[in-house]
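Below, each structure is written out as structure tokens.
In the two complexes below, subunit A is the common chain; its partner is subunit B in one and subunit C in the other.
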Partner chain A sequence: MNKKRKNNIQGLTFMAPATLTASLFIVVPIAYAFFMMFFNINLLSGTRTFIGFDNFSKIIGDPRFWAALRNTSTYVAVVVPIQTSIALILAALLNSKIKFNRVFLTVMFIPTLTSSSAMTLIFMWLFNNNGLVVNQIQQLTGARIQFLTNPDLALSVIMIMNIFSTVPHFMVVFLSGLQDIPANLYEAAAIDGATKVRQFFHVTIPQLMPILFYVVTMGVVGTFQIFDQAFILSGGTGGPQNSTLTFTLYIYQLAFTSNDMGRASAMSFILGVIIFTFTWIINKVMKADEMNG
Partner chain B sequence: MKKENLTLKAAVYTILIFYSLLTLFPFVWSILTSLKSTAEIAGGGTFFPETISFSGWETLFASQYTTWVRNSLVVALITTVLNVIFNTMAGYAFARIDFFGRKFLFSLMLLLIMIPAQVTMIPLYIVVSNLNLINSHWSIILTSMINIAYIFMMRQFFVNFPAEVEEAASMDGLSHIGIFFRIVLPNAKPALATQAIFIFMGVWNEFMRPLLFITSPDRFMLTQGLNALSNQFRNITAWDIIMAGAIFSVIPIFLLFIFLNKYFIAANDRSVGGK
Partner chain C sequence: MNKFVKSLGMVSTLALLAACTNGNETATEDESSESGQETVGNMEGGNVNLAVWGSSPAETNALEETISSFEAETGIEVELEIIQDNFQDAMTARFAANNAPDVFYLEAFAAPMFIESGVLENISGEMDNTDDFFDPLIDVFRGEEDELFAVPKDYSTLALYVNEDMIEDAGLSVEDIPRDWDDLLVFAEELQGELEDNQAAMIVDQTLARHYSAFINNGLDPAGDEGQADFTSSPEALEYFQSIVDGTEAGFLQNPQIDMGIDSAGAAFGAGRAAMMIEGNWVISALNQEYSDVNYTVLESPTINGEEQSMTFTVGYTVARDAQNRDEAIAFINYMTGDGLKQWSELSGTLPPRESVAEEMNLFDNPVLEPHVLAAEYGTVWSSGESLPVVAASFDNYFQAAVNGTMTVEEAMEAAENEANAELDRR
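Moving on to the complex of A and B:
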């Protein structure tokens, strides 16, 4: 009896910092968001008016919402498959008993260490109208392509940057997965006469499914939340012509440019629902695939 | 057969070398840019600096940049220490102490870790502003002083850690708190190092929280400062200053990576967790 009580006190004491911090800075904000999204809130005057679902209908009627939806969806659809494939291919190559693989790994890991803001500045300088990429393309083809001021191309610079900086992280995740695949599976396949390439598709990929699932999910969750790069590149505007306006940047603008915390909370809720739905769908599809495969 | 393998091997090396060079290129280009004069940059110029100029670096270190580096360093260090202590305590309690509410708290944490940070940013901003923490570094420290992913990592560490040592200490009359500080912490060094590195890097590289919470330039965190630097110098094509700032901001993390390489890769392995 005494020991049980001692355990309760010690356990709860050990948990106290984590519990208090999570309550105050995660649970309370979530609860507050559910409340705020039905209100019109003015932070400056401190007034709150209940407006039901008006925040949601205002969002749906806003062309900038649709621009953000289009940009973010394109972004996820392009970035996730490319970064996953490159990471998987590089991991498979690094795992193929080559020399210096520690050196390759170390060099390739550098972009993951770099902050999104430093990386964005470096890429802005590369793709600037006076930058190296623009000048080189002009020298090679004669065409002067201005990436950052062209609404059709600005988002693609952020995509390239994102792929560049996320690939190394997922590559290392794949690599540790590859090293866990039992060698006898490959030996058996080799005895059956399977080439290296066939082995990759018939042994490696099926064995890697759980990790592939993890990487795709983390990729989708991460790319849907893209903010830093779009904010820095466009100076917070989402320009040129809303072409780099992402969901999170739109939320930021609703909250701090339009000073509409209610609508920003409603939009956060929509983003949360979208992310959960996608995670759930990927979960279903990939689990089903695993069963059949 | 042998010849085919050789060609394959050559192809593998070619791709890896190509990708490594591609990775290094933007960083090399930035370093070279930081060593050019603004006039040379504006003129388009050559790949390598015609004359090496340190004026970008001099302007950088004469600006508020040094204050931003100090701010980030102090905030990241405090946040890291708090995280390591709090996450480890919580992970230990989950793994070792049978207390009232353990199952509930564990499920709660599992649920909370699924909620994307950006989704709660706006209400979090209001909570922080109601606590009068806007424009204080405590806004960043307090809101990031625990990390659920590392609580789970530490729990896993203690689940795999032999309980006999602790049981022996318990026989000698040590309480959980005594065992935790005298026996458990010294034995958990590698896991603590992994946690510390990644939390430090997370705070050092974080952009959104500082952007929302910190408003006056003398209190800016480094990432925010970089954005300010770019807004100030971009239009006069002073990319030497901006690139010097960007490159310098990577150096502390790069040094950690070089000296503590094994922890970086080990942590990546663990993040797969539930596989």
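Moving on to the complex of A and C:
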């Protein structure tokens, strides 16, 4: 008992610096945000008035909140399934014995290493009104589609960009998962007469479930927090006509355009609740606890 | 057990070391501030801390040299702190933490917010010879009762840049370029007919920051009335914005990022992709250094409805309220915007906000800078009420919709006005 206690103290001592830093820079700010969301705050002059849940009712009454909700949900609903399936397919291809798979892996990993702001500029170059994509589409179909300024299409450019840049990371995660699947499972399935396709759905996918859970969760969290691409593409306005306004961009505008930290904190809290709920649902649906436990 | 004692000992040694270094630092700081307070009275020595944002190496260099001259002249020591990004947010945080610098840069755009929050020192009557400043540049830093809260250190204005070779290749001449906006558009349309497909007659930025003067010239300040935005009550202003939409549709006005895929107007102009652009004097150094083969002329900004107009962007020095080293701070900004102004302007390549210094530097005889300096007198400074950031964000959000044809200009302005008003109500 005594020894155990000493071990505990030793452990805690070693953890102390990290715990201290984490609580100072993570826990305290979060707690302060909880406190701020019930106030109307002017950071400059340091005045604050308690307004209860007014910040929340203001947010609910703001059409831009609903625009942000619509954009972000569309974004998550489109990006997460596509990026997960493309990553899985690419990983499965790389895991088969094709030639030069190391080379492919390296080349395909490059987009993840590129900074998102550089990526945004490249995509703006591709999709601008005189850009490669627009001109190609015009040559092929005769229609001139303006991606960046059309409210219906501006978000799709960001979606494509995000899929392009996150797929490689998840692909590598899937690949490591695939390489962990014992070969004898496939042998057994083959002896039982399963085709390659059935092997994929009945051996590979079930074996990959823990990895899949990780990929989907990180995908959902990441896409809900989409900020930099939307910020650069619209110059921080979320335009045209709020079509690229995402939750985090909305929080940024509340804090730094409207200068209203209270409302920005309240909105961050709402976003936190939404992400938490989604992750919880995914956890339940995919039965992650049972798999990992 | 032995291990445990050892590790505990190590951790405590480390902690002790850390505490010691901390202690030393605070000790030196205390000393210097004490010595500062002793000498406040006779203005010999003392110190002042200054926070600025990081800009080009040339500007940082110029600032450091001008500071050295100030230190040599007064014996006051300046502690310079360069904040690399999000300067305004960093300043806000410093004020929130009661740790504001004595002197800092204040952008005209953000000035109303700082002034109305009451965190700036009233420096009315303490600045030398304020009449010498171009009026619009200093007035923007005044409060409701004409109190002065900051003094401009430099400014930029918009002017019309013309690529002479492209104009002449098109069979036109620079002398033919009309001063009036409507005529300029006719000229641009004619010019576009002579250019190649990937070239634009004129580059136009579609954000409010570049067009606020079109509202002001027509007697409307969209953010003038606190709590109310107004984009719609001037039909002449709407006509102006309609002309931008029409010009974009016809293809002779283009946006560098959206229509050409080039990240800045200066780059498009420098690469020979645009014959004309309305830009600030910040493009000059890039044009001279990176695109030195471009043969260009600078003309004054076009007139709108027969009136001269331009946009002016200015930054000033301001003193935090109840600053610890108030007297030194005031001496410092007086020097930087007075005796040291010429040195600063010459070294940094920025325009001096004092007319006398502009004359001393012969800027009125400089063909490239003259149009910019002339605009200091009539340009609209990019600043208005405290509501301007909200008003500008709404405009930028919706004007794009008018440009691409999803909304008419009237619809877009009305939508922007409603969105801004709703947001201002919520504040």
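Here is the rule we go by: the second predicted complex is superposed on the first by the 270 of 293 C-alpha atoms of A that agree within 3 Å, B and C clash if a C-alpha of one lies under 4 Å from a C-alpha of the other, contacts with A are read in each partner's own complex, and residues count from 1 in each chain.
In this text, contacts are C-beta pairs under 8 Å (C-beta built on N, C-alpha and C of every residue); 3 or more make two chains touch, one makes a residue touch a chain.
Predicted, not measured: the structure shown is a model, and the values here were computed from it.
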- [ ] Using the superposition on subunit A, decide if subunit B and subunit C clash or fit.
- [x] clash
Open item on the list: Looking at A:283 after the superposition, I want to know if it touches subunit B, subunit C, both of them or none. Which is it: first, second, both, neither?
Closed with: neither
Open item on the list: Tell me the contact category for A:58 with respect to subunit B and subunit C: first, second, both or neither.
Closed with: second
TODO: Classify the contacts of A:257 with the two partner chains as first (subunit B alone), second (subunit C alone), both, or neither.
DONE: second
Open item on the list: Output check: A:124 vs subunit B and subunit C. Expected answer is one of first, second, both, neither. What do you get?
Closed with: both
Open item on the list: After superposing on the shared chain, does subunit C or subunit B touch more subunit A residues?
Closed with: B
Open item on the list: Applying the document's definition of touch, where does A:238 land relative to subunit B and subunit C: first, second, both, or neither?
Closed with: second
- [ ] Using the touch definition from the top, say if A:42 reaches subunit B (first), subunit C (second), both or neither.
- [x] second
- [ ] Report for A:14: first if it touches subunit B alone, second if subunit C alone, otherwise both or neither.
- [x] both
- [ ] Could you look at A:85 and tell me whether it touches subunit B, subunit C, both or neither (first, second, both, neither)?
- [x] neither
Task: First (subunit B), second (subunit C), both or neither touched by A:138 - done: neither
Task: On subunit A, positions contacted by subunit B and by subunit C - done: 6-7, 9-10, 13-14, 43, 121, 124-126, 128, 130, 235, 256
TODO: Write out the stretch or stretches of subunit A touching subunit B in their complex.
DONE: 6-15, 17-19, 21-22, 24-30, 32-33, 36, 43, 89-90, 93-94, 96, 98, 104-111, 113-119, 121-126, 128, 130, 132, 135, 164, 168-169, 172-173, 176-177, 180, 196, 210-211, 214, 221, 224-225, 227-228, 231-232, 235, 248, 251, 255-256, 261, 264-265, 268-269, 271-272, 275-276
Task: Complex interface listing, subunit B residues touching subunit A - done: 8-9, 12-13, 15-16, 19-20, 23-24, 26-27, 29-30, 33, 41-42, 44, 82, 85-87, 89-90, 92-94, 97-102, 105, 108-109, 112, 114-127, 129, 142-143, 145-146, 148, 151, 175-177, 180, 201, 204-208, 211-212, 222-224, 226-227, 230-231, 234, 237, 239, 242-243, 245-247, 249-250, 253-254, 257, 261, 264-265, 268-269, 271-272, 275
Task: In the complex with subunit A, residue positions of subunit C that touch it - done: 1, 3-4, 7-8, 11, 88-89, 92-93, 95-96, 98, 113-114, 117-119, 198, 207, 257-261, 263, 389-390, 393, 396-398, 400-401, 403-404, 406-407, 415, 419, 422-423, 426-427
Task: Interfacial residue positions of subunit A with respect to subunit C in the complex - done: 6-7, 9-10, 13-14, 16, 42-46, 58, 61-64, 121, 124-126, 128-131, 146, 148-151, 235-242, 253, 256-260, 263
